[in-house]
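Okay, got some structures for you below.
Here come two complexes built around chain A, the first alongside chain B, the second alongside chain C.
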Partner chain A sequence: MTMRGVSKSNSWLTVVLLAPTTLWFLFMLILPLIVILVFSFGERAAVGGYGGGFTFEHYLNLPARLKAFQNTMTFAPVGTLLCLLVAYPLAYYLALKVDSRYKLLLLVLVIVPFWTSLLIRTYAWIFILGGRGIPSLLELIGFEGVRLINTPGAVLVGIVYGYLPLMVFPIFVSLEKLDKTLLEASNDLGGSPFKTFMQITLPLSMPGMATGCMLVFILLMGEFLIPAFLGGGKVFFIGNALVDLFLQSRNWPFGSAVSITLVVIMLVTVSFYMRMTLRSKTGRDESLM
Partner chain B sequence: MRIYAIAVYLFLYVPIGIIVLFSFNAGRHASELRGLSVQWYGKALSNPFVGDAFFTSLVVALSVAVLSSLLGTAAALALQRLKGSLRVLFDALIYISVMIPGIVIGIATLVALVTVFDFLNPLLAALWPEGAKPPKLHMGYLSVIAAHTLFTMSLVIILVRARIAGMDRALIEASMDLYATPWRTFYQVTLPQIYPAILAGFLLAFTFSFDDFIISFFVAGPNTTLPIYVFASIRRGITPEVNAIGTMVLAVSLILLVAAQFLLRARTRR
Partner chain C sequence: MSKSDENKPISAKNFMKEFRRYQKGSVTRRHFLGVTGLGTAVAVMGTAMPSLWPGKAQAASDLGDRLIFSTWPNYHNQAVLDRFTEKTGVNLQVNAFGSNEEMLAKLQAGGTGWDVFVPTNYTISNYVALDLIQELDLSRLPNYDASANNPKFAGPATVNGKVYCVPKNWGTTGFIVNTKKIKSGPKSWKDFFDVTMGAGSGHTILHDYQLTTIGGALCALGYSFNSIDAKELGEAEALLIKSKPHLFAITSDYQPGMRSGDAWMSICWNGDGTQLNNDLPEMEYVIATDGGEIWTDFYAIPKDAPHLNAAYAFINYMQDPTVQALEAWIHGYAPTDSRAIALQPDSLGSDPILHPAENLMNGLEFGAAQTLTDPIRAEVMARFKSA
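For the complex of A and B:
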């Protein structure tokens, strides 16, 4: 590195190696986002496309899709919280209670479903919750006319089912990294298991919980399949409104305004998360001093 | 605690199991199990629409996997040498492209490409020699491949970079000290150490692309991938044939995932 020639050829190599990735980011990420930003301020053309001009009309018109925003902003946090509640005990069990020989296998078994088709996995619940699934079993024991599919509950089940793995993994990692001698120390000092959990385990697994919640929340904000399959038109998210706006009613400028709003809400969430995690880190450093 | 864990595993796997079980249904109705048979697999495999969709998905997923593992590895290697604000910028772009929901990428890509194509097509037609048919740019294989690759390329970068970070730098320095050319150092020292991560990235990229519905739904144009076909069939009604196709889709990703996990595990063992 000290020789000039070497570092020069190195920098050329760096440019060549990074060029395709840079092009991809430019043309498949930055350009598309700029285009929908521009579209969102444009007039609607006769066929639904972009008609030029500059107007705030579409942003002012956002309340027309208020229900979709309301649903998304209710179901995303509630779904995230449910995922957290279901995932935490499992992550705790895997990280602290399971024999290390089986740990990896059991963790992999949690993660594998996440990488298989969400479409097929959500479809499975249409099958289970639909008229000939659980309701027909309930009929056998005397509960008639129970409707499960196309309800808010069905959507929440689909959410937990779809995104549970994404929540378990980061919590597992933070619990796994936890210094076990702290738990022993607390135990030796007469702390009850509950107190040890509340004062040591839970605070130290906070970063994992925050990461898991952010991942799940962001994906839920853009969810389309789960409400489409299990909400049956009654529970619809921004994603469903977007599919309708772009593919059915072809109102591209308004659809662009909705997408930009969605992206802005997500950016706010991420920066909020960043600030929280940074603060919790400095908070810990202070408490250590 | 243990019972709770078992319950969660059942919750995760029973629905998948039900789809698999009902795909072997001998009866004509999707939700009435009447003996076992593989007739629906035969039906699904001989359906030309399923065949076409499967072929499209395969071509797209394979291209995405090859492209993203090549480009992602190249970028991961280069990013090691990059410092300062440029590095921060790339890191931000990598994380944005992993985090941004598929639906936003799908929409933004659709709108941007259609706009660019509408602008370029008359130009191409004007520039093209008289008489010959000018090429017409449109949505199709390439747009799906490009849109999927944005996500999967960043995924490969993250995986390979994690591997490079855990690599023994001394080996590379030793190789340099022994006057190996940079190419030889890469080929004989770096590559053998990072290839499990590259291969795992390849498999995850393939699985992502093969399973993706929402991005393809927007940018596939006239092409139908297998998830798009399945989505349309489910909208029409549940049939045992859908269960059979679903089981095959699950099987493809499960096999690849087990292979990817195996490779990532081999990586940590060493």
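For the complex of A and C:
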């Protein structure tokens, strides 16, 4: 979109306005990506790091991280879907049901967790899900030996907890600006509440859902903190593999190859996803994309 | 812990009790320092060695107001660190790490801003070869007494005749067992992995650290803790991957899991063993009969340390025998300095976890320099984690 803008206008104002963004993209995105691409074809230096050279060895070695790719490609969509299922009723309530006097307060409450670092909030879940947390309560009512921490379920709980606000807000915005007279009209014409929801509310909130899903999905693809803490190193995402390659084994070339592969997977999935949502009639509202 | 320290101002057990009360805020800092004798000890030390305490005004110009310190979890006495800040005006920013590899990765990438860090014996020669740490000017560390340090532990500090660091503590790497949950009394790494995949399935923690995790697996198979032989490492990888479904977690932060009762066994450094055993007597630290690690940690200064004066002042302070003894009291790791050992309560001086009998340590190996940079070990660990 920006490219089109540049070519169509020669005014110096446009140049000035676009310069910061262009420079930012060039130096903070394009150049680093080129460096990573170059590194990914290099050799690991004897003591770690990048040692020059040219080889395809790291791309051929990608299957060694197959499980991590599989985990990320499973948990990211499942986590996104769970977030959507939990966030939608909440956003619906906030946008359409709640008394306007409390609306602002409740919205602030959704944001408040962001005031504390995700690291600390996720660490807290270790104790809630750990043996002296919920499992000890379950023991009181007769369910012994329940394991919650360091399971895929714990990771999903952490994901829904951490990413929920990112899903709630876009849906809230699209429901908020929904023309309420449409709902009244549907009611007047004898539409049941369910039918009204399915035919009016849900389709009109689709852009918000699409935006929320994309935000959560893209961030989840790079997630490493939640699986490390709540999966105990046993639920291993591609983000964890990257942390490992750069911070433990110092294999920069292989780490770069994994990064490039992740970027390619993201580009393909996201462009496919955008095409799907934009093509569908209900996704025509591009304002949020 | 034995109860033979009645002649000391306070028994180790009471010290821990008072320390917990202080931490929880049930008693004031003044009460804590008074009851434990910590206040007296530090005060006496201060008057005995006035040179140790530059005035605040002087400190501001010479030392600056900040020191960035990278170390390991559960490895310091907070009261000792606070005292340094109080006396010098230098605020400590402490980072805790889970592996030497992670420290090396950060230093290799550059721009860490670290002033002092705590590397383990086997990494020193690598750091020197990579030109990442400074040769120390021992005249600026009057509290360090080379003759008081056992060369067995202090040796790796000297590379090519130059001293690059001074010792902090030494210890062993074995494993901790919750004896209420595991009754079979595992004694070796072989037992450790057998129990992990048997009666204790789902309740074992392995470190997120190639040296100890791969080392433990190698010992269980009858190989050297330090092996870099591709075939032996291949067998170790197979054992680790086979045990993975039976693990509770792969993390170097194993105390929370052990304390909550979720984990029943973990690879463990002996001081953490002491800390766990002090609070939960059912926690038993084991030096494996089929091998393991013996190590020394050191204080070193990175090449590009921004607060060099503060770095020297801090290391010098930490080398004081009283400070070392106060540190060991809390973290449960043995000093290498005989002057500090002499100041310890008898209960610590004869503690079997801190000072194991020589014959128990016969099979232990110091980590070897090549394990740090060996690409196969690094990749075995990474594959095990992503399996």
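Basically, the second predicted complex is superposed on the first by the 240 of 289 C-alpha atoms of A that agree within 3 Å, B and C clash if a C-alpha of one lies under 4 Å from a C-alpha of the other, contacts with A are read in each partner's own complex, and residues count from 1 in each chain.
Basically, contacts are C-beta pairs under 8 Å (C-beta built on N, C-alpha and C of every residue); 3 or more make two chains touch, one makes a residue touch a chain.
This one's a predicted model, so the numbers in the text were calculated from it and none came from an experiment.
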Clash-or-fit label for the pair chain B, chain C on chain A: clash
Chain A residues touched by each partner, larger count belonging to chain B or chain C: B
Touched partner set for A:Val47, first chain B, second chain C, both or neither: second
Contacts of A:Leu81 with chain B and chain C, given as first, second, both or neither: neither
First, second, both or neither for A:Arg147, with chain B first and chain C second: second
Touched partner set for A:Phe127, first chain B, second chain C, both or neither: both
Touching partner for A:Phe246 - first (chain B), second (chain C), both, neither: both
Contacts of A:Val264 with chain B and chain C, given as first, second, both or neither: neither
Partner chain in contact with A:Gly232 - chain B first, chain C second, else both or neither: second
Partner chain(s) touched by A:Leu60 [first = chain B, second = chain C, both, neither]: neither
Shared chain A surface residues [contacts with chain B and with chain C]: 126-127, 130, 132-133, 246-247
Chain B residues touching chain A - in the complex, by the definition given at the top: 1-2, 4-5, 8-9, 11-13, 15-16, 18-19, 22, 30-32, 71-72, 74-75, 77-79, 81-82, 90, 93, 96-97, 99-105, 107-113, 115, 146-147, 149-150, 153, 157, 182, 204, 207-208, 211, 213-214, 217-218, 227, 230-231, 234, 238, 242, 246, 249-250, 253-254, 257-258, 261, 265
Residues on chain C engaged by chain A in the complex (per definition of touch): 99, 101-102, 104-106, 108, 126, 129-130, 202, 208, 210, 244, 247-251, 256-257, 260-262, 373, 375, 378-379, 381-383, 385-387
Interface residues, chain A side, partner chain C - complex: 44, 46-49, 64-65, 67-68, 126-127, 130-133, 147, 149-150, 232-234, 236, 240-241, 244-251
Chain A - residues contacting chain B, complex: 10-11, 13-14, 17-18, 20-21, 24-25, 27-29, 31-33, 35-36, 39, 50, 86, 89-90, 92-94, 97, 104, 106, 108-110, 112-113, 115-121, 123-128, 130, 132-133, 161, 164-165, 215, 218-219, 221-225, 229, 239, 242-243, 246-247, 252, 255-256, 259, 262-263, 266, 270
